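Have a look at this one before I ask anything.
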Amino acid sequence: MIAFTDAERKEYHNIWVVAEILAGEIQPVTHELTGAARILADLRKSEVWVVVMGSGIEGKLESLFAYGADVAIVVDNPGLSGFVDETEAQIMKRLIVKYKPEVVICGATTRGRALIPRVSVMTHCGLTADCTGLSIDPENGDLLQTRPAFGGNIMATIRCSNHRPQMATVRPRVMKSPEPDPGRAGRIIKEEMLTSDTEKIKQIIDVFHSTETAYNLADAQIIISGGRGMKGPEGFNLLKQFAQRVGGAAVGASRAAVDSGWIPYAHQVGQTGQTVQTKVYIACGISGQIQHLVGMQSCDFIIAIDKNPDTPMMQIADIAVVGDLFEIIPEIIKGITNL
Amino acid sequence: MKIVVCIKQVPATNDAKIDPETKRIIRKGIKAILNPFDTYAVEEGVQLRDKFGGEVIVLSMGPPKAEASLREAISVGIDRAILLSDRAFGGSDTWATSYTLAKAIKKIGDVDLVICGKQAIDGDTAQVGPGIAAHLDWLQATYVMAVEEISSSSIRVKRMHEDGYDICEMSLPAVITVVKDINTPRVPSLKGRLASNKCEIPVWKPDDIGADISKIGLDGSPTRVVKTQPPPPRHTNTKKIEGSSIECAQSLLRELRLRSVI
Amino acid sequence: MINHIKNKIYHVEVLPPKQDSEKLEKDLEIFSNKYLRVMNSGYCVCITDNTMGLLSFQGTEMIEELDLPVIPNQVMIHLNTFHTKDNLDNILDICKLKGIRYLLIITGDGSERLPKLRPSDVGATDVESVTSVELLKYINRKYPDTFVLGVAFNPYEPEEHELKKMERKIKAGATFIITQPLIERNEVVDRLLEKYPKIPIFVEAWMSKKLYLLSEAVGYEIPENSEFDPISTLKMLHKLYPGCGVYLSLLGFKTQYHLIKDTWV
């Protein structure tokens, strides 16, 4: 909603987090964002409210307070068991008009990215996607949103001065989840889903949950990549196992591996493959030819594992592990499993 | 069946420079390409038209040279193209962009389906597709990996999620955004390209679509870019880990935990 | 293919116009002129397939749309694995129809915009990704006795790996080899020649002064050298590799073409 004057803006309070529900469970990204919201709310001297829309989730709200929420607004209705974005957007609009939050943040997941842009248009608000940083401008209390653009080549800071609430999405694992405080308490506000919310509705006919989540290179927070040092397709099976254990990870490959037929081209990182800007890039047995480096050099943190300590990849890496990857990786997999 | 595919011409993202005043990208001297995600939307539009008959139109908001991308779409089988181009549209954020495209779609009239690519590689926001749906007050389906059925009144799609997929059915008109899994975009042929050079592409301005001036361009954009800078430089110290395989693994596990990877 | 070596027929690489060309008609004309000039000189024109993953038009499209004459012994087209099956079959059909016999089969460079053959498209069940080996097998199966198939050899990649790959390529039906550009004697190429004395081998000559482009093409640092003279390097390659043919890349049609009539002695 338009808020051109100070007086109008002062009507909006509190930092909202839209919870991510999957198969009836609140997802970790919600806790990460609650932690981030807590910091913002403390600066604004206001509260953190988490909006939970789903079916059969009334009993799952306690954890939200442990992570920093003051209030949980819950809309619990069987009609919300599938992802009905239009209905959720309509509910969000009603709640926003009723309670006037100052900020709304949501996970940049497939659901979040379908829902919040729709909400932002319906409420005439500004929305910044995939923020890597959220802070408060000490001068006027505006939310400052930082995000990468241009394939990660540029960091942009965005502000939404004249519209409230200010909206942002944040990818999972970008913010750190706070230490939960089980003693913390909060309030629950129950809201109903109205018939008018379902005026525009899609029919969910079938839902399939996969046990194995295969992340593609563009969306993964972590990429575990293999090169000629993997010696064959079996080496890539090892990397796939590693990726599965980590969760949210994708398997990448150098051109040499793809050209040897060891892994499909869809996994190729580099000049004639994909360019990635992930949080963590683990290069296994990749020497680091220019064409490959061009595809992954803007990753935040690079780990290289190789027998040879002098390859270009080992030299640009933040951490260079000198050793036999066929022994080290199974040990890592064991280590993660035992956590 | 009348289908509109919304496309964007984007700078090839590897070299980017920012105008310090407007905080927007300086578009001179960088190669301009059809947004890669949009090629899947174009292909889907052409395939659906081939299967079910009707007309598929491609629409873009951009500077005059965005015409090249519209022609590229025509060269793979799109029936006709419309370019929204005017100084007044410049500096739009996703709210203003989706508003403008929605007005144009209303002006085209009787549209059954709007197809967008998942996101543009310069902005990377993925907001315009759902934004168009909201401005039009139509149903939406994002991350569509397959169109299973379509009729004059409804569409059934497979939506991709992190943990699997769902199948949903919605009444038309509707907006869908598509992911790469949906098809394999055909490469333009020389024949198609030569034919597309002969097509007339009308240029629409704010008056042509009845746009509210306060809702377009920089002034119509709720968000403002206030600062741009290069990302923090990569630190040059390489930390070396050596020792037995078990020691290496332990050290690495520690580092991964430190970075919330595990 | 051996007749190219015996009769001193140069392979002259010509690139089709890029898809995003802003002066397409002009580029088509330039291509036609180059093609015809090579034909008339008695050399073999070699047309590339989306080099470096940069979207360009296909050699077969160019020949069809521009109605260019095909003399079977003088035309070679590159064919890589970045096509849909339909597209690939279409190209092969046109080649067969037009009498284009020489195909250089390479894995090739991909990009965001290019589709890639799936193993099932070419009847391959034992690989995760289609390489030149699977494409060779497919073409020989589908079009027996139709084409003369060649492959590339990269002496700048680890030798053992490359030689093993070459064994697989030969087994799959490759009957001639073209190396990556050489600017001096290359020991790895020497060993390749020793290993395959009966197979026609062509060394590639880099005809541009810009060595940094060569570094980018082969992926390894080749020291910049302001003294580098492509024509004298070409003459030297002939002396070093008298039993090999020569493939000319980046030949300057305005500045160098007239000089090459005297270089192969």
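Letters A, B and C mark the chains in the order given here, with residues in each chain numbered from 1 onward.
One rule holds in what follows: a contact is a pair of C-beta atoms (placed from the backbone, for glycine too) under 8 Å apart; a residue touches a chain by one contact, two chains touch by 3 or more.
Quick caveat, the model's predicted, so the values are computed rather than measured.
Chemist: Should the pattern of chain-chain touching be classed as line, ring, star, complete or other?
Modeler: Looks like everything touches everything, fully connected.
Chemist: Determine which of the two chain pairs, A-C or A-B, is joined by the larger number of C-beta pairs in contact.
Modeler: If we tally the C-beta pairs in contact for A-C and A-B, the bigger total goes to A-B.
Chemist: Could you state the distance in Å from the CA-based centre of subunit B to that of subunit C?
Modeler: Chain centres of subunit B and subunit C, defined by C-alpha means, are spaced 36 Å apart.
Chemist: For subunit A and subunit C, what's the span in angstrom between their mean Cα positions?
Modeler: It comes to 45 Å between the two C-alpha centres.
Chemist: How far is the middle of subunit A from the middle of subunit B, if each middle is the mean of its Cα atoms, in Å?
Modeler: Inter-chain centre distance comes to 20 Å.
Chemist: If you look at subunit A, which of its residues touch at least two other chains?
Modeler: none
Chemist: Counting only residues that touch at least two other chains, what does the list for subunit C look like?
Modeler: Counting only residues that touch two or more other chains, subunit C contributes 112.
Chemist: Give the list of subunit B residues in touch with subunit C in this complex.
Modeler: Residue list for subunit B touching subunit C: 31, 33, 36, 39, 68, 72, 184-191, 193-194, 197.
Chemist: What residues of subunit C sit close enough to touch subunit B in their complex?
Modeler: Residues in contact with subunit B: 19-20, 22, 24, 55, 57-58, 61-62, 65, 84, 87, 112-115.
Chemist: Mind listing the subunit B positions that touch subunit A in their complex?
Modeler: Touching subunit A: residues 11, 13-16, 18, 23, 25, 93-95, 98-99, 121-131, 133-135, 137, 139-143, 156, 159-170, 221-232, 234-235, 237-243, 245-246, 248-253, 255-256, 259-262 of subunit B.
Chemist: For the complex, which residues does subunit A have touching subunit B?
Modeler: 22-23, 82-83, 85-86, 89, 109-111, 113-115, 117-122, 124-130, 144, 148-163, 173, 176-177, 200-210, 213, 215, 221-222, 245-246, 275, 279-280, 297-298, 301, 303, 305, 309, 314-324, 327-329, 331-332, 334-336, 339
Chemist: Looking at the complex, which residues from subunit C come into contact with subunit A?
Modeler: Contacts found on subunit C: 52-53, 107, 109-112, 116, 127-131, 133-134, 157-158, 161, 165, 216, 219-220.
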